[in-house]
Structures are given as C-alpha cells and as structure tokens.
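What follows are several structures.
Each of the next two complexes has subunit A plus one more chain, namely subunit B in the first and subunit C in the second.
Presenting the complex of A and B:
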C-alpha cells in the first residue's frame, strides 16, 4: 500500500498561548512495498508524523492518504497498520504468543489459525518456542523481536516503526536491522521507520525523508542524501566531520587561512561541513598538491572552478575512514596550525585550529602541535551552505 | 567495625519493628482477653475470672449475630463493588479527558474527604428521605459509597496515571476499538489497584456507624450498629466479643481480597518495561 502525506501541519500545546508548531506542511510519500526512513534529530517532528499517519494524533490541516484514499476519518484501529514503538509495549498480562496473536484476534481470526500464525512468526524472528513465556522474562532484544512479530502478524497494509532499535545494545542492533529488512522483504510490507541515526537510515532505506524543525529538508534516495545533502545539518548528520563557520567570497569559503570550494554559494556568511575521510593534512596534502592537484583560491579562480563537481558528476562517495584517497581527488585548501592529536584506532586525528574553530583531519602519525601544515580536501566531501 | 555497626543497625531496626508490632497487637490482645473475662479489677495484670458470657450473648439461642454479620458483609461487598466501578470510571474521565469544568468535577469527587461525615450525613439523609432511599439497604450502600468514593477515586487516578496511555495506544494500533482496548488492556492492568480500592471501600463501609444509623434509620442492622450500645453502656465483655467477631470478619474478607484474588491477577505488573 502506498502511504502519502500532504501538507501536514500540526501545533501542539495544552493552552492556546503555548501552542508550538510541530509540523509545517510536511509532504512525502512511501511507495508500495518500499522502505522509507524519516530522519531527523529529536524534536524534528518525526514521531509526530508517524502518530498522525497512525491516527493517534490528528493534524490541524493536510491529509493522510493510503493508496490515494484519504483516511483522516478513520480511527487508529481501522487503519490496518502495524506499529513498533521504541519502548516495545508488549502487553504484560498476556503471554508472548497472545501478544503476537492479538492483532489477529482483533480481526476476528479463529484461535487455531492465529496460534499457528503466531508460532510461525515467532520462528521467523528467531524465537521458536517462546510462545508460552511471559513478556517480562524476555531480554530487550527478544522483546523487540516479539513486538516486530506482533506488528506483522495481521499482515498490515503498512508497518510503522518509531526508533525500533534505539533501546537496544549496539551489538544487537545490526542483527535486528538485518532481521527487519529480511522480514520486510519477505512480507513485502510498505514500511516507514523513524530514526535519528543517519547511517541506519542509509543502510536500510530505499528512500530517506530528512526532517528539520517540523519541515521536510530533503527527500531522496540514500546515495543522493549522502553525496548531495541539501542542508548543513544533513551533511553533518552522518558524523565524522568538521563544521566550520566562515565567509564565502566568489565561490570560495574562507576561514583564517583555510579555503574550501564553494561553487555556486552566494557571497556572505556560510557554514562548511568537511568529512574526515575526505581531507588530508601535512605530508598527504603536500603529496597531493605536488601531484598536480588544483588549489582552491590559490592561483586562478578557474582552478577552483575546475575542481568543482557539478551535480551528478560525483559517484556516491564511500567516505569511511582508511578509504584510500586518490591524490587527484584532493585539492589544496590552504593551511592551518596543529592544535593537538587524538588517537582514533585506524588513524590519528589531527585537530587543526582555524580562527578558534576546529578542522579535524585524519593523519597516519601525530603531527607536531604548533606547526602550521598544508591542508587538502576532496570536493565531494566538502559541503558549503549559506548560513 | 563496619560489620558490627551494621549488626547494631539491624538490631535497632528489629527493635523498632517489634515495638510497632506491640503497639498494634497489645490493644488487640486486650480486646481478645476482655471478650472472655468475667471480672478484671484494676491493679491485676490478668483477668481474675473468666466467662463465656460474651460468646453466649452473641451466638446464644435467639441471637441474630450470624445474620447481622452476613448482612454487614453483603452490604460492605456491595459498597465495595459500587465504589470501585464508579471510582474507576470517574478516574478514567478525570485523568484521560480534557473537558470544561474538569477541576470542578475532580473537586466534587474528593469533597466528602473535606466535610465531616456527620454534617454530610444529614444532607444525605434529607435527600434520601425525599428519594425514598432512607431506611433501605440500597440507601445505606449508596451513602457508604459516597463516603468511600474519594479514597477509591484517588487510588484509581494514581493507577491510571501510572498505567498511562502507552499500552492503550498499542492496543488501538493492533486493531482494538475503544471498548476492547478497555476490556483487554486497561482493566487487566488496573485490576490490582481496583482490588486496593475495593478493599478500602469494604473496610470503610464495614466500620461505618453514624451514617448507617442515620440513613438506615435503625432498619438496616450492621455489626457496628449492634456493637455500639455495648461500648457506650460499658459492658466491656460483650463489646469486646463483638470486637473480636468484627476483627475476624474484616481479616477474613481482607485475606480473601488480598491473597486469593490478587494472586489470580497479574502479579507485580511492570508498567514501564515491556
């Protein structure tokens, strides 16, 4: 089933004067059978969108459509959805099997059939034989798997999940993600998942809707979200990056002696996001520049123009630390003073001082604090936005 | 050193518990002793002579203590049931819905707390006389329920807040309508609190004297009503015998409520985890 929201607007607050806009004209759609993530920091309105779709909250204006049909008049229990909450919400007075079978019971499925379906689902979430147990005897990961089985039990038209993994230990999350993806494929169930974890959204989704301040900031496939983020927040949400505040003049971002390519960005205050994996300092930068790489703002402006990559020209970047950076990918980006180094396992991270702000660059060995070193960046890992 | 200090603390705690036990049990023991005492002059530590007069007076031929006791229990159970149902529904409305005058209704529910029951009983009596409820068991049950309602409502409001709406939301999303959500999820979660509210209301009703007297107009006999004249006339043996019956009946019903029923409902529900 295709899920679509159009111009959802909602203000929440007990009294009129402390009402606060939570959603501002949110529109997006989840194609039939697709896995879409709603990405945003806390307070961005992600869970609110999910609750509006589920019918637990009513929007002030706008519409929710299932397969093109407006469902605003339907109460939550008639919307035929599966819902997994972050806090699990198993019914404590029912056994695991009764929990899983509950949606079937509500749909009038006979006892024998629902017992069979519950057992089948428990097996598929790798909890065979857990049926007679009580929810409180389960671990967090087991409970979340039961909640997932329950959400899918009645073959709902769509599955909604609100941060389903954030209550779990890091070691369990990957397993849970694979399990969710596998079940989603097998059931072919349209799925909308809320998450604040950008890499989780990238790994799991066919499409990511990034929310910021109650509005859609960008809706795109994960590759595009990563390679061409629409805002500084989206660029920075994948972590491992430096955020710098500076000035753009003639397509070049300036901060102290650091210069970054900023093609097409209007002059004035700007914010730059530089991914750790896509920049270099000291020897690495020198080698890159000596190898014939262009320079940003040194020499001609054309040089900077050359290193610009138009939309679509950049393959989806595989930033990851330790990913080898071809010398030709880098452009010289001025210089900065080393403040200190930290050890990060695969590499050291050098913290470079840019007029009091910090540019973090991975280096193979610690640099000498106080030394001024050249810096180079790859344009596909460097994003500048008007502030 | 620390082990010894901890041992000292443990002894102090035990002594306090023992003291508290003594404060509760000693007066009870006196009542039990008095019920079988013929005479107990002042400086003597124990009664001088014993007698079965109390027991004969209560359960001898021609006495209706048994039926009064049964009536009292039935009345109190009816009151407990009525109070719990009303309190649960009122608490649900007060804690779940935002409506005009909600605070006023909340205050009205808790009002019998604040007004002395003697004052309040007279108003109830006038109203019940007009409604034809005075002098009937139904009227007494209703009057008792009004007195017990604030206590039960407070318990239920706290319980509803503790249960929260999380599982109700989940039930709705599983396809349950409002009624099935209430029956399948909310009530089972509230059951322990409902039992507490019911036993509270039961005890309030069972031990009520003044309101029973006024509303029942002497036609509705309860144990407390029958016992009172012996207390005021100073016949301690008989009053104490009634006291023992009273205590036994309360403990028995309480035991049934607390132990048997509670064991059958969800034990120690963890509202916030799974």
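Presenting the complex of A and C:
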C-alpha cells in the first residue's frame, strides 16, 4: 500500500495562546512495499507525523492518503496499520501470545487461527516458546520483538515504527535492525520508521525524509542524503563532524585562517560542516595535499611553506573514520592553532581553534597544543550553507 | 575522629525515618487507643465505672438479639448496592473525564464539588428534591407521571433504603472517579493508543485493555466505599426506615441510651461492624499486595 501525506499542518497546545506549530505543510510519500525513514532531531515532528498517519492525532489541514484514497475520516482502528511504539506498550495483563494475537482478536479471527499465527510470528522473531510468558519477564530486546510480532500479526497494509530501537543496547540494535528488515521483506509491508539516528536511517531505508522544525527539509535516497545534504543540520546529523560559522566570499568559506570550498554559495554569513573522516591536519594534511592545493582555488597552506600542491597519501589514522579517503581527495584548507587533543580509540582527535570555534581533526598522534598546523579537507566531506 | 563522624551520620540516618514517622505514629496511637478501649468495653471492661471483669455477656446479648441479622443484612445490602452503583457510575464518570481530556471545569463540577460536600448536606438536598413536597415529585405530578406528590416513593424511611443509596451514589461516584481517573488517563493514553492501532474500537479498547488495567484501583475504591457505607451512621439515621435499622444506627442508639451500661452493648455491635469492615480492609491490602507483585 502506498502511504502519502499532503501538506499536513498541525499546531498543538492546551490553550489557544499556547498552541505551537508542530507540522508545517509536510508532504511525502512511501511507495508500496518500500522502507522509508523519517529522520530528525527531537521536536522535529517525526512522531507527530506518524500519529497523524495512524489517526491518533487529527491534523489541522492537509490529508493522509492510502493508495490514493483519503483516510482522514477513518478512526485509528479502521486504518489497517501496524504500530511499533518506542516504549513497546505490551499489554501487561496479557501473556506474550495474547499480546501478539490481540490485533487478530480485534478483527474477529478465531482462537485456533490466532494461536497458530501468534506461535508462527514468535518463531519468526526468534522467541519460540515465549507465548505463555508475561511481558514483565521479558528483556527490552525480547519485548520489542514481541511488539514487532504484534504489529505484524494482522498482516497490516503498512507498518509504522516510532523509534523502535532507541530503548535497546547498541549490541541489540543491529540484531533488531536485521530482523525488522528481514520481516519487512518477507511480509512485503510498506514501512515508515521514525528515527533520530541518521546512520540507522541510511542503513535501513530505501528513502529518507528529513524533518526539521516540523517541515520536510529533504526527501531523498540515503546515498543522496549523505552525499548532498540539503541543510547544515542534515549534513551534521551523521555525527563525527565540526560545525563552523563563518563568511563566504567568492565561493570560499572563511573563518580565521581556515578556508573551505563553498562553490555556488552566495557571499555572506555561512555555516560549514566538516566531517572528521574527510579532513586532516599537520603532517597528514601536508602529505595529503602535496601538489594539488592551487588547483582547487583555495589559498595554499603556507605554514612555513611546507604544504605543497599535489595528491597526497591517505593518513593511516583516518582509515577507520567514516568513508575512506581517496588518494587525491584532500585539498589545502588553510591553517589553525592546536588547542588540545583527545584520545578516541583508533585515533586521536585534535581540536583546532578557529576564532574561538572548534575544528576537530583525526590525527595519528597528539599534536603540540599552541602550534599552528596546516589543515586539509576533502570537498565531499565539507558542506557549506548560507546561515 | 573521622570514624566518630561517620558513626554519627549512620546513627542520624538510622534515626531519621522514625523521627519522620513520629507524627503519624501519634495519630495511629490515638486510633489504636480508641479501638482497644471500644473492644474492652464490648467485653465489659470499663474501669471508670469499676467494671474490670472480662465477660462475653454483652457479645452473647448482641449476637442473640432478634434484630441483629436483619440489621446486618440491611447494612450489607445498603453498602453492597451503593458501592456497586458507585463503582459503575465512577467508571463511567472517569471514562467520560478521560474522553474529554478532563477539562478543569468538568473535573470541578463532576468530582471536586461533590467530594467537598458533606454527606449531611447531600441528605438535605436529596430530601428537598425527592420528599413528598420536593421538586421532583411535584414536577412528575405536574407531568401526570404520578397522581400526586404524595404518591412518589418516600425518600425518608423507605424500606428499600433508596434515599440512602442515592446519597451514597451521588457522593461516592465522584470518589471512585477521583481514585481512578489519573490511572485511567495514563492507561488510556499509553495502552489505549496501542489497542487502537492494533484494531480495537474505543469501546473494545476500553473493555479489553483500559478497564482490566484499572481493576486494582477500582477494587480498592469499591472496598473503601463499601466499608464506609457499611459503617457510617448519619445517612441511614436520617433517611433509614424504622425497622430494620442499619447496624451503625443500632449501635449509635445503644450508645446514646441513658443507661451507660448499654455502652458495652454498643461496643459489641461496633465489634460486629469492625469484623465486616476488617474483612474489607484485608481485601484492600490483598489488592495492594497483588499490585505490588504485578509490578
């Protein structure tokens, strides 16, 4: 089933004067059988969109369509959806099997068929024999599997999931992601998942809808979202990055002595996002940009004239950080003073001072605080947006 | 030195709970003194009259008096019917308040004002509404539904005790709602949404999820109302029939008897009441324990 929302607008608040716009003309669609993620930070309106689609909340304007048919007049129980809540919400007075079979019971399915389907689903979520147990005896991961089984029990036309993995340990999350994807493919169920974890959205989705401040900031396949983020927030949401406020002049972002490529960005105040895995400092920067700096139109790194133009080697310290750097990826990006270093396991992170702001760069060994070092960035890991 | 300071802090921490409990313990002590004193009087011990010999005579007198069974039965009937009706009404009121998201005005009118009214006030307005010259019989008479205001079933002294039940229902429906509405709101918000998205209509979600999850609070509210309606005397005293008398009324009349020795009989009757209300209290704590285990 194709799920579509058109121009959803909603303001929430107990009293009229407290009402605050939560959704602003949100439009996107989830193609039949696709897995789409709604990505955004807290308060972006992700869960609200999900609740409007489920019919739990009523929008002020706009429409929800299933296969092109407007369902705004249908109450939640008539929308034929499965819903997995962030806080699980298994019914504590029912056994695990009764929980899984509940949607079937509500649809008038006979006891024998209900029991069989519940047992089958519990098997598929790797909880065979858990039927007679009480929900309070389950671990967080087990409870979330039961919730998933319950949501799928009645073979819903679409599955809605509200941050289903956020309450789980990191080690469990990956297992659950695999399980959800496997079940989603097996059932062929159109799925819309809310998440604030950009990596999760990238890994699981056919398409990602990024929400910001109650509006759609970008809707694109995950590769595009990562490679060509539409806003600084989206660029920064993948983590491990530095966000800098500066000025763009003639296609170059300036902040103190740091220069970043900003092609096509109009002159004026701007915000730059630099991914840790796509920048280097000190010796790494010198080696990486040797011989190529002049070609990118950014002033060459002139710290003692050491940083020359030309392709450079991949710093070994960066190999584990984000996408691997291409041999000719880095360009000279000026220089900055080392403020301090922190140990980050595979590498150290050097905190470079840029007019009071911080550019974090992975380095193989701690740099000397107070020293001014050359910086290099990969254009595909550096995004500049008008502020 | 440091060791002493640590020992002092430990001692203070150990002592703190008892000090904080002290005011409550004083109240409990006063209550226990009253209970023990009453129990002893039921066994004929009233030292201020020089009666110090333990005797079961008063209990025997009470248990063999012909009106006891009827009085206990009438009180049980009043308590049971009132608390069941209050329970059903309370569930309905709480559900309605949850459905309208408890607007302040609704909560004030439906719960807070009735809770603040004394029972005696409710008796007065019930009488003014339903007694022969009251508003309701006159309206019904005017509409031709009853022949005359006097034909309306009397609220005072009716053998069915409907007036007493009506007062308790009016007072206790909001009490049951008050005891359950917060939990019901939470359950409905959390699990009601889950039930709705699983295909349950609002009524089925309420019956299959919300209500079962509120049964502990409802059972506790029911037991409190039952124990109160069984043990309170002023409403059956004002509105009850001459015979049978509700047990608390019987005890009160014996207590008020000019012969102070009758106080022993009154206390023995109170003892009978205490047995029934203690059973309700045991039920209450059993529910509490069960809820604790479920958590």
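Just so we're on the same page, the second predicted complex is superposed on the first by the 353 of 387 C-alpha atoms of A that agree within 3 Å, B and C clash if a C-alpha of one lies under 4 Å from a C-alpha of the other, contacts with A are read in each partner's own complex, and residues count from 1 in each chain.
Criterion: contacts are C-beta pairs under 8 Å (C-beta built on N, C-alpha and C of every residue); 3 or more make two chains touch, one makes a residue touch a chain.
None of these values were measured; they are calculated from a predicted model.
By the touch criterion stated above, A:103 is placed in contact with subunit B and with subunit C alike.
Judged by the touch definition given at the top, the superposed model places A:77 against both subunit B and subunit C.
With both structures placed on the common chain, the touch criterion links A:92 to subunit B and to subunit C. Legend: residue contacts after superposition of the two complexes on their common chain; A:138 is shown touching subunit B, with no touch to subunit C.
Residues 54, 56, 75-77, 80-83, 85, 87, 89, 91-93, 102-103, 106-107, 136, 150, 154 of subunit A are contacted both by subunit B in one complex and by subunit C in the other.
Note for the complex: subunit C touches subunit A at residues 190-191, 193-202, 204-205, 208-209, 212-213, 294. Those residues of subunit B that touch subunit A in the complex are listed here as 166-167, 169-177, 180-181, 184-185, 188-189, 266, 269-274. For subunit A in complex with subunit C, the residues that touch the partner chain are 54-56, 75-77, 80-83, 85, 87, 89, 91-93, 102-103, 105-107, 136, 150-151, 154, 160.
Only residues 54, 56, 75-78, 80-83, 85, 87-93, 102-103, 106-107, 135-136, 138, 143, 150, 154 of subunit A touch subunit B when the two sit together in their complex.
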